[in-house]
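First chain A sits with chain B, and in the next complex the same chain sits with chain C.
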Partner chain A sequence: MSSNDNHKGEGHIHTHQDSPCWSCRGSVDQRAPFCHACGMIQAPRPGDEFQRLGMKADFDLDPKDLEKRYFAFQRKFHPDRFATKTSREKQLSLQHATDLNEAYDRLKAPLSRAEALLESKGAGKQDQARTESDPELLMEAMESREALADAETADEVAKLEARTRMEVEVSEEALSVAFAADDLEGATNIVTRLKYLLKLLQETSRKRLSLHN
Partner chain B sequence: MAEFLQIHEPGETPMPHADDNVAVGIDLGTTNSLVAIAHDSAPEILRGSDGRGMVPSVVAYLDDEVIVGAGARPVLLDEPERVVASIKRLMGRGVEDLKTLGGKLPYDVDEAASKGGMVRLSIAGRSLTPVEISADILRALKVRAEEALDRDVDKAVITVPAYFDDAARAATKDAAKLAGLETLRLVNEPTAAALAYGLDKDVEGLYAVYDFGGGTFDISLLRMEMGVFQVLATGGDAQLGGDDLDHVVAEHFLAERTKELSDDGELTTTEVKNALMTARLAKECLTDQDQGKWMLGMDGQPTEHSLDRARFNDLISDIVDRTIKLSRDVLLEADIMPDEVKGVVLVGGSTRVPLVRERVAGLFGQEPLADINPDEVVALGAALQAEALTAGSNALLLDVTPLSLGIETMGGMVEKVIHRNTPIPVAKAQEFTTYKDGQTAMAIHALQGEREMADQNRSLARFELRGIPAMVAGAARIKVMFSVDADGLLTVSASEESTGLEAQVEVKPSYGLNDDDMARMLRESMQHGRSDMMERLLAEARVEGARMLLAFESALEVDGDLLEGDEKNLINRRIDELRSAMAGDDRDVINTAVDTLNKTTEGFASRRMDRDIRKALAGSSVEDIDGELANPEA
Partner chain C sequence: MAYSEKLIEHYENPRNIGSFEKDDAGVGTGLVGAPACGDVMKLQIKVSPEGIIEDAKFKTFGCGSAIASSSLVTEWVKGKSLDEAGEIKNTDIAEELALPPVKIHCSVLAEDAIKAAINDYKEKAAAPAKGEAAE
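Moving on, here comes the complex of A and B:
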């Protein structure tokens, strides 16, 4: 398995350090989920969502490929595979399966995937806090809220919804561009904007549904 | 059974003996239970000496003997007080739950012994919990399996309704343990049904499981691909079943009878029971025939009632439509169009009714699959999963949690931590904080359900995190972690992040939510979605008001001397206004009163700030300043 060369995460300086297997005490590569000697399941190793699913840390991904990996890993680690094993093995498989569900869930949607990627690239939370008070975005958010509050018919709301949906798509594409250029600051800004857009989208669809009823 | 001797080299791990790994699948039903086994992916129902597969879920407690199944029925005639039926409805329930069902329960509850915990029933001088009674049924199924297989059986996959909550799932596992069975996995009934179809036919694509039983309705959407069974969404109504179809037909017969006899006196219980039984016969008859005639009141004044398929369909149409609407809701939630569904699996006796099949076919635009007996399909699927868990399999089952899990926050609201239809196993954490200055303990109340307010949801467990270091309100960081395992069982733990203080509980309540509650809660959550939201907003406004008052009072205590004469009167008036606003039900009035008070106290707040800064410069500790600064802001 090749290590992620472009990855500078903290947990990766000693990629090939060994640790003893809890069962046979044999030495196991720190990243190996099963013991080389006795085949026993090991505790999940620290790592980000991409590493859990054996993927390159990239914003652009093929959803089919993501799902295939998720299934393949779950096939190996799901508690159903350990139903007749010892309670320690059951517990470890539960941890793996839980991590896999979380990783898949985070990487599936563009927004949470972008956040995961920023985290793995070490972009701090402070950056996000800073962009959250971006006056231009605040102004835009206020105007959209007003437009939504003023919209009286389902048609008007549907139009707003369609426009927001389009902007969501545009932002997602912009994220792809920013990450491709390794522009983390740009990506952080888009993430903030995307969060607000998705919230707005939720509010518009809620209002449209309530107008329908 | 003759076996070859197996010789192993020293130190070599022997392959597990095939027979050591035998596990059965059990459908522990409200009305009937079944046990099945699979060999090489071919499942088979284990039948009794009479050739019947279904074991009625009825238990008779005689003085020195417990009879389960068909044999318990005759006892019902002579000594009904010795017989228990439909015990599944009480799994995971407390005595408080029973009261809401009124006096209609066919159970004799042992009130004294049930207090504060699991329900106990008085049966022929014994005091028994639903877990013990279910264990008796499971024991009978174990014996049946052992007789059929001529060997010991101690492992099982047991099915539960998709909407079974944490308490009911835990109770089911406990019952198995009591019966000497290790539960390899609890599997949701619709999921088991899909397994029976899926592994049998090697299907690919999106499938719906429409499960219309005697008392419950469940709809699940699954995707089957590359040997993976992925549950996408599940929904339903556990107060909707075949019994409701009997009811409308019985009402129709009784209305006809009243008219014919010009008798508007009150109906006797016998008359009602009689009508229900006749209605059930009529329903079953009209499955194959176009019309028929039935008699009511054979003993006294007989009346004749004819019913044809068309009129029958009219009568039951509303009920069937409700199942269709629930199916549509689940499709909507999963963002799936009906025509994307490749096959519809029918489960449960009520799916034999022609109108049900017709409407299901109408919704999905295709004939539903019914080539596996709908009474047996769940047990067959459970047997397949039991084989997969013991002998190994390439197939993988990924299920979801049917109801949202959350904790109670200030003002009796619920903060959801894990949303319904989240794939399991799952672990999610949420941070909470303290509400008062110097608060050292926090009550954690775990809840299950979809409603906005805590008391409308199912209480799962309460515990307290103690020893939080005294800090300013809002400074402590309490992380509450919810973990749901592959059986759908919840564990909650809480820790204070800055100190590492920790408390953990296995959520094992003395009672839980039953299907009916769950269905009711889900239904109400849809009906009351709007009023819930209003209630939540009102509660939020009140909390804000209370926080404001509390903060202001503690500020007054410290810096009351900074108030000027007139200012004090004005502020007191504003405080009274806020108090009376909070007593009312209008959240806009409350919010306005909060804003007004805020504005009125602006001058006071800035004078306090000045004093604090001077204090800080004079050498006060930073914590002190934070503590006092926090107040005017609140």
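Moving on, here comes the complex of A and C:
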């Protein structure tokens, strides 16, 4: 019972990386979600999205493999498995399941996967707050948004949309090349460009739909 | 979430939308963007030989708060000296429009845009005529 745990002063869910199993006190491998000795579920350890899914931190990944791993882990933490367990175990499994879902969602899309990879390598996070990036990039973003604003027919908008979609694909391929060469600065710049492109794509779809109606 | 009346007023009737010719000697252009949300903002000032901002224009592709923030700044800077305009803080903008906490970055964008426009003007004024920065 969790109330007993609290009496023993073990009420905190977040344990340290090197802490032993909260149940049997045996030592647990840093990443293992379950204790080797007693099989008890452990609190999620700090780790990046790739570690959560047991994958190599790489931009190029096999989407089928990612999905397979996700479903395998998801089964392990499924609420049904913990229906008869203590509230603490239920809570821990829920935390694992939430972390897992977030990690999967982030790795699935190329842009967020690139961001996750940059973060795991200790780069890219501060770029979010920068307002004056590459002037050429901003000029390009401004000009394409102006072109979209000026487009009057669904046909014009569809052309812009197709072009943007192609630019997105090219950028995603460029990301793969940059990460393969461990060019983190290059990858960070492509990530920024991709964000403006995806925003543009969103706006083109919106305008195309509104012109159709 | 309830937005302030001033914010809605600027969003629905934005002041000074448009562009100046960016190569004109008296024009300073600030181009900034927020990678996180994909917003882009262009703010331009027209400066008199005495260093007073005579006119200002903006073009913003972004949310209502970003549009209102840039609209407000173009109103504020008119008639100000470059130094005075450079003193505008994002907190002044956020306060005037009563921006909610999640929209504070829009006021940061507007502050950075006016600063960038002032810098652009000063760089142009300092550079010899026809002098172009090396690519």
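We take it that the second predicted complex is superposed on the first by the 187 of 213 C-alpha atoms of A that agree within 3 Å, B and C clash if a C-alpha of one lies under 4 Å from a C-alpha of the other, contacts with A are read in each partner's own complex, and residues count from 1 in each chain.
Quick note on the criterion: contacts are C-beta pairs under 8 Å (C-beta built on N, C-alpha and C of every residue); 3 or more make two chains touch, one makes a residue touch a chain.
No experiment lies behind these values; they were computed from the predicted model shown.
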Would you check which partner chain A:Leu94 touches, where first means chain B only, second means chain C only, and both and neither mean what they say?
first
Return first, second, both or neither, reflecting whether A:Leu184 touches chain B, chain C, both chains, or no partner chain.
neither
Please work out whether A:Ala147 is in contact with chain B alone, chain C alone, both, or neither, and reply first, second, both or neither.
neither
Could you look at A:Lys195 and tell me whether it touches chain B, chain C, both or neither (first, second, both, neither)?
second
Chain B versus chain C as contact partner of A:Gln74, first or second or both or neither:
first
Report for A:Cys24: first if it touches chain B alone, second if chain C alone, otherwise both or neither.
neither
More chain A residues touched by chain B or by chain C?
C
After lining up the shared chain so the two structures overlap, which partner does A:Asp105 touch, if you call chain B first and chain C second: first, second, both or neither?
first
Which part of chain B faces chain A closely enough to touch in the complex?
16, 21, 155, 184-185, 225-226, 228, 385, 388-390, 392, 394, 396-398, 422-427, 483, 485-486, 530
Within their complex, state which residues of chain C touch chain A.
31-40, 42, 59, 61, 105, 108-109, 112-113, 116
Chain C-touching residues of chain A, taken from the complex the two chains share
127-133, 135, 137-139, 141-142, 145-146, 149, 191-192, 195-196, 198-200, 202-203
In the complex with chain B, residue positions of chain A that touch it
68, 71, 74-75, 78-81, 83-84, 94, 97-98, 101-102, 104-105, 210
